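For reference, chains read A, B, C and D in written order, and residue numbers begin at 1 within each chain.
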Amino acid sequence: MARMKFYCDPERCIECNACVTACKNENEVPWGVNRRRVVTINDGDDGERSLSVACMHCSDAPCATVCPVDCFYTTQDGVVLHDKDICIGCGYCFYACPFGAPQFPEDGAFATRGKMDKCTFCAGGPEADNSSDEHRKYGSNRLAEGKLPLCAEMCSTKALLAGDSDTISEIYRKRIINRSASVMARGVSYRDASFRAPYNAAGKSSAKE
Amino acid sequence: MIGQFIDGPLWTFSLAVFVIGVVWRIVTILMAGNRPDLSTPRGSASSGAIRTIFSRSVYERTAATRGRLLQIAGYLFHIGLFALLFFAKPHVDFYAERITGFGWATMPHWAFILSAELAFLGLLLLWIHRLLSPVTRLLSDLDDHLGSILVFLVMLTGCLALAQSFEALRLIHLLLAELLLIYFPFSKLMHTFTFVMSRGYTGATMGRKGVNA
Amino acid sequence: MIEQFEQGVEVLRQQIDARISSYFSSCVHCGLCAEACLFYTETHDPRYTPIYKLEPMRKLWRREHTFWGKLGAVFGLNEPLTEQDFADWETLVYDSCTLCGRCSMICPVGNDITYMIRRQREGFSVAGYAPEGMKEATKRALKIGSPMGVTFKTLKAALAHVERDTGLAIPIDKKGADYMTLFSSMEVVNFPEYIESIARIFQAAGISWTISSKAFEATNSGIQIGNREAAAELVNRIVVAAEELNVKYVVSPECGHAYTSIRWEGPNLIGRQYPFEVVHILELLEQLKRDGRLQLEGKSATPMTLHDPCQIVRRGGVVQQPRELLDGVAETFVEMKDHGVMNWCCGGGGGVSANDRAEPLRLRVFERKKRQLEETGVDTLVTACANCRIILEEGIEEYEMETEVISLTELVAEHLVDGSKNKE
Amino acid sequence: MGSMISISIPPGSLGAKAAAWSLLLLWLMLLPGQGLAESKQVKGLPPPAVLNPAADLWRDIRQRDMATTGTTQVRGVDSGVLINANGDKWRKFRMDQLIPIGGYLLLGMGLFLILFYLIRGKVRIAGGASDRKLPRYTSYERLIHWFIASIFIFLALTGLIILFGRPLLIPIFGKELFSVIASASKEGHNLMGPLFLVALILVFIKFVRRNIYQKGDMSWLLRGGGIIGKKHVPSNFFNMGEKSMFWMLIIVGSVIVASGLVLIFPIFGQGREWMELAHVGHAIGAILMITVIMGHIYIGTIGMEGAIEGMSTGYCDLNWAKEHHDYWASQMEKRGEAISNEAVNRFSDPDTNRSLGRELREAGE
């Protein structure tokens, strides 16, 4: 059985936000809800890196554990989905999620939470595949059509990978090998081999070099 | 099935009972008739009536502690409930869809919540007061308690259905509101309409005498 | 007895008009009226809640004017009004209500509770459930002409006394006079100074006035006990006498309920409008003062406060006049905390003063007035109602207070510019 | 730059290189307490020339030192935080501590009270009910007591439904129906919550003066409030236990209200950390309070004869007062505040009202 995962390659992500746009467009999410976002670390500095994040579809999802109404379920493809008919909008999944994936439509000025919305790996919800109800509540169900999430499909640099974890880890592994091989073959440091300055946790201090 | 009944025929029925009942009650009261007042008036009866209709809503400072509490709780409850009934978005949408065909300006959501808080605060205080104070314990009859309970339940289910996403909760709220509408014309709740008459009659008499009542 | 009871219920039934129907429909039993009633605030006995005193009438209304009541009556579910109800409520209706009207001012839905009690008394009196004292007073009023048994002879003696003291001639049965003056028996018996004051003031103001030998009594026991026929008879005597003398105005004495009965209830009782006007003595005095016909001099230095008689102020509409007059004669005038239309009753109005068994309760609730007086810190209490005056004096005696009670009219008379005496 | 790499990863670790390629390792790094310490240094090999720099990035955004946040086009609180490390701590608190420990605490308190009742039984008025009563609470005091009580019970019930509903109620009602109940509970809880603040303020203002600790409170505590032994311990208007409960109500209640406001109004820009913290405070406070209030309800109703009268009728039995609040009772008695039972009934019992007319008439005639 496949186990669906996302992986974003920070060496490739160029912060174009096409994945965000694609997601919004494909799933017709309301204002204020962002199933996917691109976060840039060290923006404008040496070693700037960007990552596109959404629900990571954890194998042991904290959101599902803490949900007081038990509205989460994991599909056979390993996609973590939730049932909006059962969700009460308490926000506990939002507290527990490491990635900030659960989103809540704001309900007026006190921002009381509506029903939770999050990335579905373009796999819809518990309703019948591609039914109008499903589309209204959860957006597209591309997986049922044999397609992968649109964000990854749209990614121009192929930084964002989506699919069976075996496959994407294989792709990523090859990339790393290739990069390392090229570095080693040329006998230079990674920095010299790369177009981009390597990620530097110290941020600005590295700019001196 | 039962939902359709609540949403459809029962709603129509309860609305009809409410409208016909209220009109019938007001007509029967008017039919009892009043003797004309032959005494020479000192002031105007009509301006006295209009004056009292509004002035009785003004806080009466001479009332003692219990009176103060009653009046404040009364304000909270009535203002909150009025705002909820006529300016909460879900209600206006409902009226527009079912009765009037047009909507009107609604409160922002925070004001909606705030008026619900106030209405609950007022109603709870008034109700507990009714159950505790020797005066109201003595006065209250089944009608008073039934009215309080129904209004409270309607408000409570309304607040529970605030998420507006569970049909069952909406139907419970609607069902209780319908029961309230049916009960309305036969109960104390009629004061919603007859208070104008009461204040008007008293105001007219007092106005004739030149007393600002 | 049974027959009398049924008559009483029938009368009570007739009382329920649109006003009362709307009042009962509006009442939500909030109990706020209790806070306005001095019988409740002084005893904290919930049975003294004004609207509770109307339970018998409400029972009848509920049974005959409401859906549940009618339905219940068909199935014999709700109990009908019984004679026991009349018996149980008699004291509440007569002893613990002075018809002061304070509850009517506070009711948030605007119910005129006082009006309803007044109406309910109609049924009670017909059914025979009224205090003996009031029954007797009504009988005396109808028979002798005064609830206290004062005859014209008595008045004449008092008048002779006044004439001797002042040297003024008091016109009796003078046809075509402008003002016909009425008195209350209490004034004749207890406060003849009032008559003297009237005589001196009218003399000073140059008013053409008279007293009718046929109808000098202004009080109306019929109104207090709630007997329409008796009340109409008593009013009619005055109207007939006034018409005979062809006066332009009838002057109501200070006495509160007398004013209400002749001014506001009278025309409705006899079923026609008067060919003359009714003025309260304070109204008249204030008018005279404003017209400059009443010259006052010298202001009393003692600080004074005013007790507003309910029937004159709250139920009568003579609110500003006593204050205008007091301004002219008192240097320091201290208002009580709740004054004017929200004043507290002395405790003896509405026939309670004529009801002996109510005396302990009446004296108990006088505490309210006592507190009010103490708050002002003033020892001179001005009022304008002979009944209030008696009750106040009794209360002051009971509570061993130092307060002096004086009548406003007499106070005004004391400050007349002494022109009349100089001329003589 | 080489130094940079060597700080992050033990030098000479070829195994680390291999591990860094694995996606799975990235996942492992997200979990606390997991590192690369286990990789062994292999002797004789040159220091690593190449490492996957993404490993550094992931380690940083893992937020172990709460330092690295990024920027993003998506607006919102915390949207720049890639990984929220506290979420997992909060999850563990809720699932491993709050629900089991809280549940057993409440259950235990219930059992304790039942046991206590079985052993100790109802605390009777030793001297029996007297024929006189003392006015204990005014109607306003009773009003605010029942006001806060009704709101508290509503909030406690709805809160417990949300907390324990998944393990306890879903098996009974099923997910669909429970979801309706839970949504109603959540909305009701949120709407009624602010009223608890109002009630708390009213209660504080009204009762604070009588709840300041006084002389004699200590000895009450030392003698166990009369639970130990059969002798009653004298006390003031409120005894030490009641005073402590009052202060618990005020202090814990304030924590609950404040944290509750943080939770229901996500408009102050408070991030997840704040809400998680607020939730922890809210839950601990609420469990504590419910436990104490259970005891309060027990002693106020079935636990002690005559205790509820003060709050229901406003009057308490004179003997009861002497046994439990002797300092206050003797003061009141000295001032002549004791009222006969009939007088109390006349004022509080509507059923005796009809006799008044007869009484008065008989008295008058």
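Rule of thumb we're sticking to: contacts are C-beta pairs under 8 Å (C-beta built on N, C-alpha and C of every residue); 3 or more make two chains touch, one makes a residue touch a chain.
This one's a predicted model, so the numbers in the text were calculated from it and none came from an experiment.
**Student:** Would you mind checking which chain's C-alpha centre is most distant from the centre of chain B?
**Tutor:** Result for the farthest chain: A.
**Student:** Would you mind checking which chain's mean C-alpha position lies nearest the centre of all protein C-alpha atoms?
**Tutor:** Taking the mean of all protein C-alpha atoms as reference, the closest chain is B.
**Student:** Higher C-beta contact count, A-B or B-C?
**Tutor:** Taking the two pairs in turn, the one with more contacts turns out to be B-C.
**Student:** Distance from the CA centroid of chain A to that of chain B, rounded to the nearest Å?
**Tutor:** 53
**Student:** How many Å are there between the centre of chain A and the centre of chain C, using C-alpha atoms for each centre?
**Tutor:** 87
**Student:** Taking each chain's centre as the mean of its CA atoms, how far is chain B from chain C in angstrom?
**Tutor:** 37
**Student:** Rounded to the nearest whole Å, what is the centre-to-centre distance of chain C and chain D, using the mean of the C-alpha atoms as each centre?
**Tutor:** Once rounded, the distance between the two centres reads 61 Å.
**Student:** Going by the touch rule set out above, which residues of chain A reach two or more other chains?
**Tutor:** 88-89, 109-110, 112
**Student:** By the touch rule stated above, which residues of chain C touch at least two different other chains?
**Tutor:** Only 44, 46-47 qualify.
**Student:** Out of chain D, which residues touch more than one other chain, so two or more?
**Tutor:** In chain D, 179, 183, 186, 190, 347, 350, 353 touch at least two other chains.
**Student:** Looking at the complex, which residues from chain B come into contact with chain C?
**Tutor:** 25, 28-35, 37-40, 42-43, 52-53, 56-57, 60, 62-64, 66-67, 70-71, 74, 126, 130, 133-141, 143-144, 185-186, 188, 190-191, 194-195, 197-203, 205-206, 209-213
**Student:** Sort out for me which residues of chain A touch chain D in the complex.
**Tutor:** Spelled out, the residues of chain A in touch with chain D are 5, 7, 9-11, 17, 20, 34, 37-43, 49-51, 53, 62, 65-71, 83, 85-92, 94-100, 109-113, 165, 168-169, 172-173, 176-177, 179-180, 183-184, 189-191, 198-202, 206, 209.
**Student:** For a test of understanding, state which residues of chain B touch chain A in their complex under the given definition.
**Tutor:** Its residues touching chain A are 108-110, 112-113, 162-163, 165.
**Student:** Show me the residue ranges of chain D that touch chain A in the complex, using the header's touch definition.
**Tutor:** Within the complex, chain D contacts chain A at residues 1-2, 4, 17, 20-24, 30, 49-54, 56-57, 59-61, 68, 70-74, 76, 78-85, 87-88, 90-91, 94-95, 162-163, 165-166, 170, 175-176, 178-179, 182-183, 186, 190, 263-267, 272, 275-276, 279.
**Student:** List the residues on chain A that touch chain B in their complex, please.
**Tutor:** My answer: residues 88-89, 107-110, 112, 114-115.
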